[in-house]
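When the chains are written out, they are named A, B, C and D in that same order, and each has its own residue count from 1.
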Amino acid sequence: MIDRQTSDRKTPDGKTSDSALPNAIPSLTSNLDLEAPDKPYLDSNELILNMGPQHPATHGVLRVILKLDGEKVLGTECVIGYLHRGVEKIAENRTYTMFNPYVDRMDYCAAVSNGLGYCEAVEKLLNVEAPPRAQYIRVILTELQRLASHQLWLGTHALDIGAMTPLFYTFRDREEILKIFEKYCGARLTTHAFRIGGCQYEIYPGFEKDVKNFLAFAPPKIDEYETLLTSNRIWLERTKNVGVISGKDCIALGVTGPVLRASGVKWDIRKAIPYANYSKFDFEIPVGTNGDTYDRYLVRMAEMRQSLRIVEQAVNGIPEGPIMAKVPKLIKPPVGEIYHSIEAPKGELGYFIVSDGSTQPYRLRVRPPSFVNLQALDLMVRGALVADVVAVIGTFDIVLGEVDR
Amino acid sequence: MLQEFMSYLGSNLPPGSAGNQLWALIYVFVIFAGVAVIVLCMNWIERKALAHFQIRLGPMRVGPHGLLQPFADALKLMLKEDIIPDEADAVVFWVAPVIGLLAAFTVYIVIPFGPSQAVTDMNIGILFMLGVSSLGVLGIVTAGWASNSHYPLIGALRSSAQMVSYEVAMGMAILSAIMMTSMNAAGTGTLSMIGIVEAQQQQGIWFLFKFFPLGFIAFVIFAIAMVAETNRSPFDLAEAESELTAGFHTEYSGLRWSLFMLAEYAAMIAVSSIAVTLWLGGWMHPFPNLLHGPAWEFIFSLFPGLTFGALAAITFIGAARMPSHSFFRIQRAGLAVFAALIGLVALLLLVIAVAGRANDTSIAARFREGIDYVYWFMLKVAVFMYLFIWYRATWPRYRFDQLMKVGWKVMLPISLGVLILTAIVGVLLP
Amino acid sequence: MNPLLNTGAAPVATPFFFYLLAGAAILSGLLVITRRNAVHSALALIVTLLSVSGLYLMLYAPFVAGVQIIVYAGGIMVLFLFVIMLVNIERVSKERQFNRIWPVGLAASCALLAVFLAAFTKGKDLFHDRPITLPESTNTQQIAGYLYGEAGRIGQYTFAFEIASLLLLVAILGAVIMTKKKI
Amino acid sequence: MVEKYKRQYGSGLDAQTYLGQNYFTVDRSLIPDFLRLLRDEEQFDYCVDLTAAHYPKREKQFDVFWILYSFPRNERIRVKTQIADGESLPSSFPIWPTTDWLEREVFDMFGIKFTGHPDMKRILLPDGWKGHPLRKDYDILQQDKEWVQINLGIESGQ
């Protein structure tokens, strides 16, 4: 019914040479002749619709310019930068430890994993290894944060498509995780839980008990979300083969995280390049088949269960020992540059730090997953309807604090 | 004057067809007041039920358990400023909600709450209802046009296209139900609403169960089309917040906007009462063929009293469980008074039920019958209302093209099939 | 079966309601032709049609009244409004309202007026007011009888009725073909 | 792998490793085809990131980094090149479409133009903004006062 350009086109000679790739993905922005000369507004059946920064369905301040023919989307252009706070410029004027809290403000839905990425990057620069007990605590908190971020995604995504009830279920359960964060490090959202070299605080006495209670509390709740949505006729209708993207296009566009895994590419940094001794825990990586919105939903639901498995193994095996490695009070890493990336809930979150031997990083580059994933929006939405644009923005699970930095 | 007043009470004809304008007028006012009260209660129940679906409490602050919330809303809407966009077409902008309201309310003169409890017994009852409900589209279209801005126009066009296309499926389903009425002895069906229910009474079976699968399928088709007709939950594309801001009534505010809400709820009640009349045997108590005879009559006549008694008990428990902090004193007292009120009504109903049974021709007997009829009718409509709310809590929203696909490619063929099958089965079976 | 339409007690057509509906019809009729804005005249037309359907009810023809509401007010007028909305009417309202050959129109309307007056004055013996003979079965059954024939017999007009529906089918197909841009 | 390319390009290229992460420092002239070579022969099919760093005192002021990763070989390398201020680089959009927004951000922050890029304009800052913030000479409190006054109508951002 909707003539959609199939995304993995083959060139005439069948080889997907690089010449095939670019025109396989028409240049993303220049096709939108926004300055359409003097075409009177309503006469041409094309319509420039502005899903502006304050639109209820764009998660945060993202402005999408849609070029519509009736209901069908001809092309989109994302205008971002409304939340740009110049984090990388600030980093060049702060010492390593002072910059730690800024990192939580970038992807405010998954602050703990931002902190983990930054601390591990600086530890790699200092060539220091956090003690095992600290690493276990870090793994528990990061996986709980992944679960909370996925729950937040599910609530808002279902709300965009029209189902109001899941939002309240997911937020009720997310509350339990935030309580554990609050007891451990005093903050619920921007937690600043870790320090360079390990963890700041010893785990409070009831920590294992709380986490174990949560492990018993969570699985039936996830089943509740599944019963609400997975076999819901209208949910299937609204998400099946909407915003389809193939594995090859994902890799070409640098899309990572659940979106990449839903398109059939079995790649997860926790398994590919293990960090924070993830290699000690066994868990699978859920993979989708045809890369549509429904597969991304299934992949994230499976990831929630995997995170619980990891937390369970980590809580039972917390080793004794110090929680802070020997790190000088004032961190002055040697001259050099390193790149370190972790598997954040949205995708590959990377830190590229160039240090010139002083206490302040010479250049700190953050590779945000949402910023790079958003480029695929135009390809996935071309030929779809306006309601699908809303659904696809939802499946990306983008956070504008991370896109704009 | 008094003679004419008393003369009507004896006859068992609805006032309109008995040519008694005075009583017809009184009935009209009673029904409109009743619908307004039901809409207020619906507003409260919808917010509370939706809240409890979503594990939250819903309005608790205005009055005990938010009972005064609807009145507060109504007052707020009346006092709120009524903005008219400047280039908007003032006349049409004012007329649109009035059309919507007219279309929604004129349907009530034909709805049979009881054999003689309808305003009038038009002999083209259902036809009249279909005609007036199609007028509702006009209200929406003019509202979208009058607000003279981009989103309402799209919203209005979308929802009118949706209503027009689901009216077709609805019409077919109603046709198959009417065909069933003509299977009685006289061989000629009837369009009049009271006639339909009487046909079900004579055949001693609800049309829901008649020719088993057919009646049920037609009922399901009507139930779905009815949700689409009133722009409610899975089909509420007109007010799809995520795409168009609020559909055709974006530019409305204050009292005018509340007129639209009133029209929507009134349309919901009207459409579900059509369903009740056609398929669930209007004012008949359940299982007419199995449980009849004076003993069962008496038991069924106790039901109204018992339900109100149960309601009173629940409110009393609610009042008792309220924390005894001084702040809650007024609220506890308020709730207790409310509970006492409902208890009183329950008592009254029970007394009438008992008195009415004694001798059949007395005023009490007529009252008891009247109350029974209206009670059963309203109970079935209440079940439909609860379904509307339940849909709203669970279903996500249809995309516009899927909505049209379901309307034309799924509902219409099935309803046509049911229509033809009912005809064939009707002719073959005696 | 429910009793006859009414037991012949007070007739439906009370003078008050008749004058009310007739007045509304004439007033809104005038509005239709005088309003400059197309949407206003469309709404006025709807009011006219509804009041005419009220008049039908007075003539013991409820079926025709119901059809009038459904077909005219509910169906055709909705399409009118759709068309008016999609065609932007700024251009139309600027054209001159009266075209040049208005004398011909005036002459025709005077002739019509003369015919009505003649019928009204001399018509006393044309329509002798005999009592209304109520149809033995209700109006809807009577119409069905004509159209589809009493139980078993083919009615006088069944064939004509089917041909009319065929005509409608042709019209629908034409509409589909014309709008078939690219489906 | 490193020896193969050393023989092929000799002077223009040398490979170092630091803390286990090896990277090439490549001369500016080799850029487009060396990257294409890496992608086709060595299957580095995923360009993780493209950034730059500003060294005002050096004669060639900017370091531009490509961080590449190969799925089949599960290996990550970096390619570094140095260009002077005002010079432009051939865009690597034809090789990896993901660099579209990354290059726009580098242009936005550093002012390095990429020739052959489909839509070379600012991505984070407003289009009319003058100055490139991540340059060392761009003070942290500095703002494009003129843009702020025209568009926001306030005296200054501070």
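Quick notes
The working rule: a residue touches a chain if its C-beta (ideal position, glycine included) is under 8 Å from a C-beta of that chain, and two chains touch if they have at least 3 such contacts.
Everything quoted here is computed from the prediction, not taken from an experiment.
Remark: chain B and chain C have CA centroids separated by 31 Å (rounded to whole angstrom). Between the CA-based centres of chain A and chain C the separation comes to 64 Å, rounded to the whole angstrom.
The mean-CA centres of chain B and chain D are about 66 angstrom from one another, to the nearest whole unit. If each chain is reduced to the centroid of its CA atoms, chain C and chain D end up 76 Å from each other. The touch graph of the protein chains shown is a line. Pairs of chains meeting the touch criterion: A-B, A-D, B-C. Those residues of chain A lying in contact with chain B across their complex are 1, 56-57, 71, 158-165, 167-169, 172, 228, 232, 234-235, 237-238, 385-388, 390. Residue ranges of chain B in contact with chain A, taken from their complex: 50, 53-56, 234, 240-243, 392-402. Of all the residues in chain D, the ones that touch chain A in their complex are 18-19, 21, 36, 39-40, 45-49, 51, 53-54, 63, 65, 67, 71, 74, 76, 78, 93-98, 100-102, 109, 118-119, 122-126, 133-134, 136, 138, 140.
Listed in rising order, the residues of chain B touching chain C in the complex are 13, 17-19, 89, 91-92, 95, 121-124, 127-128, 130-132, 134-135, 137-138, 141-142, 144-145, 153, 157, 160, 164, 186-188, 190-192, 194-195, 198. The residues of chain C lying in touch with chain B in their complex are 1-3, 5-6, 9-10, 12, 37, 39-40, 43, 46, 62-63, 65-67, 69-70, 73-75, 77-78, 81-82, 85, 137-141, 151.
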